[in-house]
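Pasting a structure below so you can have a look.
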Amino acid sequence: MDLLANVIVTTSIYALVAVGLTTIYGVLRVLHIAHAGVYAIGGFAALLAYRSSGGFWLSLLAAMLASAVAGLAIYYGLYRPLLDSPRSVPLLASIGAFIAIEALLQRPFLLGPSPESLPAESGIPAPRLGELAFTSIQATIILLTVLAVVGVYLLIRRTRLGLAWRAITQDRLMAASSGVNLDTAIAANFLIGSALAGAAAMLWAVYTNTVQAIAGGVISYKAFVIVVLGGLGSVPGAALASLVLATVEVLATRYIGTLLPRDAIAFLVLIAVLMLRPEGLIGRRSA
Amino acid sequence: MRGSARLLTILAAALLVVAGCGGGATPAPTSPPAKATEASKPAAASPAAGSPVASPAAAASPAAKPDASPATASPVASPAAAAPPAAKPATGEPITVGFFSPTTGPMAADGLNARNGAELAADRVNLSGGVNGRPLRLAIYDDAGDPAQAANLARRLVQEDRALAVVSGAYSPPTTAAAPIFQQASIPLLSAYAVSPRITAAGEFVFRAGPAAAIEGAAAAIFTKENLPNSPKRVSIVAADLDPTIQLAEAFKAQAPKEGLEVVSEDKFALQENDFRPLLGRVRSANSDVVYSPAFFANAANILTQAKELGITTPFVFASSADSYKVFELARDNAAEGAYLVTDYDRSNRPVVQAFIADFKARFGNDPDIVAAGSYDAVLATAEAMRRASSLEGRAIREAIAQLKNLEDLVTGPVEEVSAERDFVRALALQVGRNGQWTSFATVPWSRITR
Amino acid sequence: MQPLLKVESLTRDFGGNRAVDDATFRVSEGEVVGLIGPNGAGKTTLFNCVSGHLRPTAGTVRFADVDVTRLPAHARARRGIGRTFQVVRPFRSLTVRQQVEVGAGVAAYRSFLTSLAPRPRRNRRVDAVLGDLGLADVADRLVDTLPLGLQRQVEIARAEALEPRLLLLDEPGAGLTNPELAELSRHVRALRGRGRTVLLIEHAMDFAMSTCDRIIVLVEGRVIADDTPKRVQSDEQVIAAYLGVEDPVGPLSEPAR
């Protein structure tokens, strides 16, 4: 039963990071590698806020805010000037930005190279559903993720902004000639996706009691696997792929153990799914 | 559209494979290793400039108070076997000793501490007369935890810096990559704490100050059998999936039958893993009496916290790779209390250790750990060998290192001699987490380990 | 009639290539104007400069007496310049209705906060446009599951849903069969009947000649003729440069350079 809780929590964190990433891919057609840096910045902001206030929710807010600002800065400073260049150019810029952010955060006057501890308490009581017991932080993570993913889904399905995103995903020029302001729509996407990454960074940092300058790397490459698995740009796909990856990872670690390191599993799942369903899990591309 | 989407998918996959290799290690900077300039000046040669990070003691420099006795000027100069009693600041032409550690990348925390330890040692050497009057100059490089970068910087140390000897404050893979280059150039290399047997296998110019994996892993098995309560029998191994920690696990397994221990489960995890809950569930179902975990300090803190959360009460024995005060900082709910640690860093009340800790803390703001202590000692031992060497030629220094004996005042504990395998012969310690720090618990002599 | 669109000395360079060279023309309220010219003559570039997808290198675009040369595409769309695209690029995510909703400005918003407001469940304008173009039956199908002719209709419906004062149609007839072309021609004339101003790029000459009030001929980026279809057809310069002597009304292939 610990395992089930573990699967759900891992799914949640993956989904938070991947949902932002997949919508950003949708509107911009850029593999946003620097999302990993945005994630790391969120963790750093949470740490600073926690140290000065001790509050869980304030730290969460700080993480989301800092990540949102970082995401916007990357969009305006990096991708927007490169919108019309070949897709490999923003990709390279993104990789560069990620490395730069990580290196910068490692400087001692910022986060420094050492992992730091973040023992915040959300105050949400630890629930127990029959056999299934959750710790307080597990419950918090699951609750916030459900809110976030449903929120994003509704945003896309029901709001003007969501329609604008889908129109941009379809055809950027067409969207613009229908009165969609590309700039603000894409910026809003970065704002929301980055804030989710910041939330994920804070929550995972509390769950593992570790804030690290290099925290973004592993989780982000898994998020990329998830985005590809779920079908590039698809939010429900990303959520489902998060569940698949988390389940396979946790169960394999628990029952197969040492055969291969946990992080390699992501790639095996990716390869397996791409071989069977090249469009991703929820690709509904009708030829 | 469709074609380009597929192309992107493939590109993404390729990229991820690249990013994922090496257990998700961060991309290592590919720029040539940067030399840390602030440390390459000998402290005594330009004492007033005495770099911004210098401790107050070091800043009260010999130039400002030329007649101040080092003993009052600073605990740095507290009498040590490695320093001759006639303590006059060194002048004259500097002697270059190379040093490298991973100050960027995933190992950067350890790399910085190692570098700080080395710098502290160099300053201490220089405040107490240097090497026969000549100041020691450290040529410092960053290996980023990357063997290729280590090989590069090794060539630079040989060709450009003309280092007379080199100290490695790096982990096994980079040190292993650099060792043959120094061997070929006949420049002695002293590895501070890396455990891999392949390091000293490079040849007669390569030495190891800390314990080899075979020694430390065996010592862990001995401690587990002889010193842990309730004389455990069944052992689970949970190791970080990296060369040195895997070597430690192998050594433990090799020694276990001799001690009457049974290894009932064995697992690996990626270096950057921080959710150990699934793995701990697996360990719990193995029903072992004790867990041996060669892991890094952040891993150790997570393992302890999450084991406590899951209600696992099996004692954990960690390896020197987890030797850091950070374990206590990072573990929640005092989860590190009662955890065990096998190390060679002697945390006793010996004055030389207390002085080192005080001085390190004053200058760098945090407690030293095994990588700092090991690098500090390796620099001191190298300086001592150079003092004793018949000349400052590579072979002479090599001979002097091989003949080092009874280094009583190294902070990682006294070294009896240097073995034929070019390992420093010393006792190993078992320590236990108590009141938020590692505390001495038991020691095992070298002779018992190699019996 | 008031000139609705005034293009003055418009020039656009791509690197060393001058795609549009000092083009000047006007389109008055209620006119249907055809822009013709061989492939590579700069028609689509000129369109893009008018719709705001490209900035001209020099010259001005005035729309309804306002200089819009520096305005981005979405701002011009909101002022009443609608356009279609030559290549239909349906993606998998939108239905016909949603596509037309985008065109009706549902996706356009004034600020981040208003963008988060729920979009209306039903939009009367969208329903009307879907009905006008015979798309009501396929309203909930994904665009890429429709035949090309219908996809074109969807594209026009999207542009029309904006209720633009000026509608730019980029090769609306390309790839259509003759009956489909006749249907299109009827539809464009109906637009004019409703007072819509239309500027269209066309390759199918008989379609352009029969549909438009006026024809502008663009060759190598320059306007070489601007007159009624009849006079353009007999313009010697046009015939020499572009139409070809023998087949003045046939479909065109490569430009004669």
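By written order: A, B and C. Residues from 1 in each chain.
The definition used in the following text is that a residue touches a chain if its C-beta (ideal position, glycine included) is under 8 Å from a C-beta of that chain, and two chains touch if they have at least 3 such contacts.
These figures come from a predicted structure and were not determined experimentally.
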item: Identity of the most central chain, Cα criterion; value: A
item: Most distant chain from subunit B by Cα centroid; value: C
item: Subunit B-subunit C separation of Cα centroids, rounded to whole Å; value: 71
item: Inter-centroid spacing, subunit B versus subunit A (mean Cα positions, whole Å); value: 35
item: Centre distance in Å when subunit A and subunit C are each reduced to the mean of their C-alpha atoms; value: 41
item: Residues of subunit A whose C-beta touches two or more other chains; value: 285
item: Contacts with 2+ other chains: residues of subunit B; value: none
item: Multi-partner residues of subunit C (each touching 2 or more other chains); value: 89, 91
item: Complex contact set, residues of subunit A against subunit B; value: 2-3, 6, 10, 29, 31, 33, 87, 91, 95, 99, 102-103, 106, 108, 112-117, 119, 135, 204, 207-210, 212, 214, 217-218, 221, 224-225, 227-228, 232, 249-251, 253-255, 257-258, 261-264, 266-267, 270-271, 274, 278, 285
item: Interface residues, subunit C side, partner subunit A - complex; value: 51-53, 72-75, 77-78, 81-83, 85, 89-94, 98-99, 101-103, 105-109, 112, 114-119, 142, 144-145, 158-159, 162
item: Residues of subunit B touching subunit A in the complex; value: 2, 5-6, 8-9, 11-13, 15-17, 19-20, 23-27, 29, 103-106, 108-109, 111-112, 241, 265-270, 272-275, 277-279, 281-282, 298, 301-302, 305, 309-310, 326, 329-332
item: For the subunit A and subunit C complex, residues of the former touching the latter; value: 155, 158-164, 166-167, 169-171, 173-185, 188, 233, 284-286
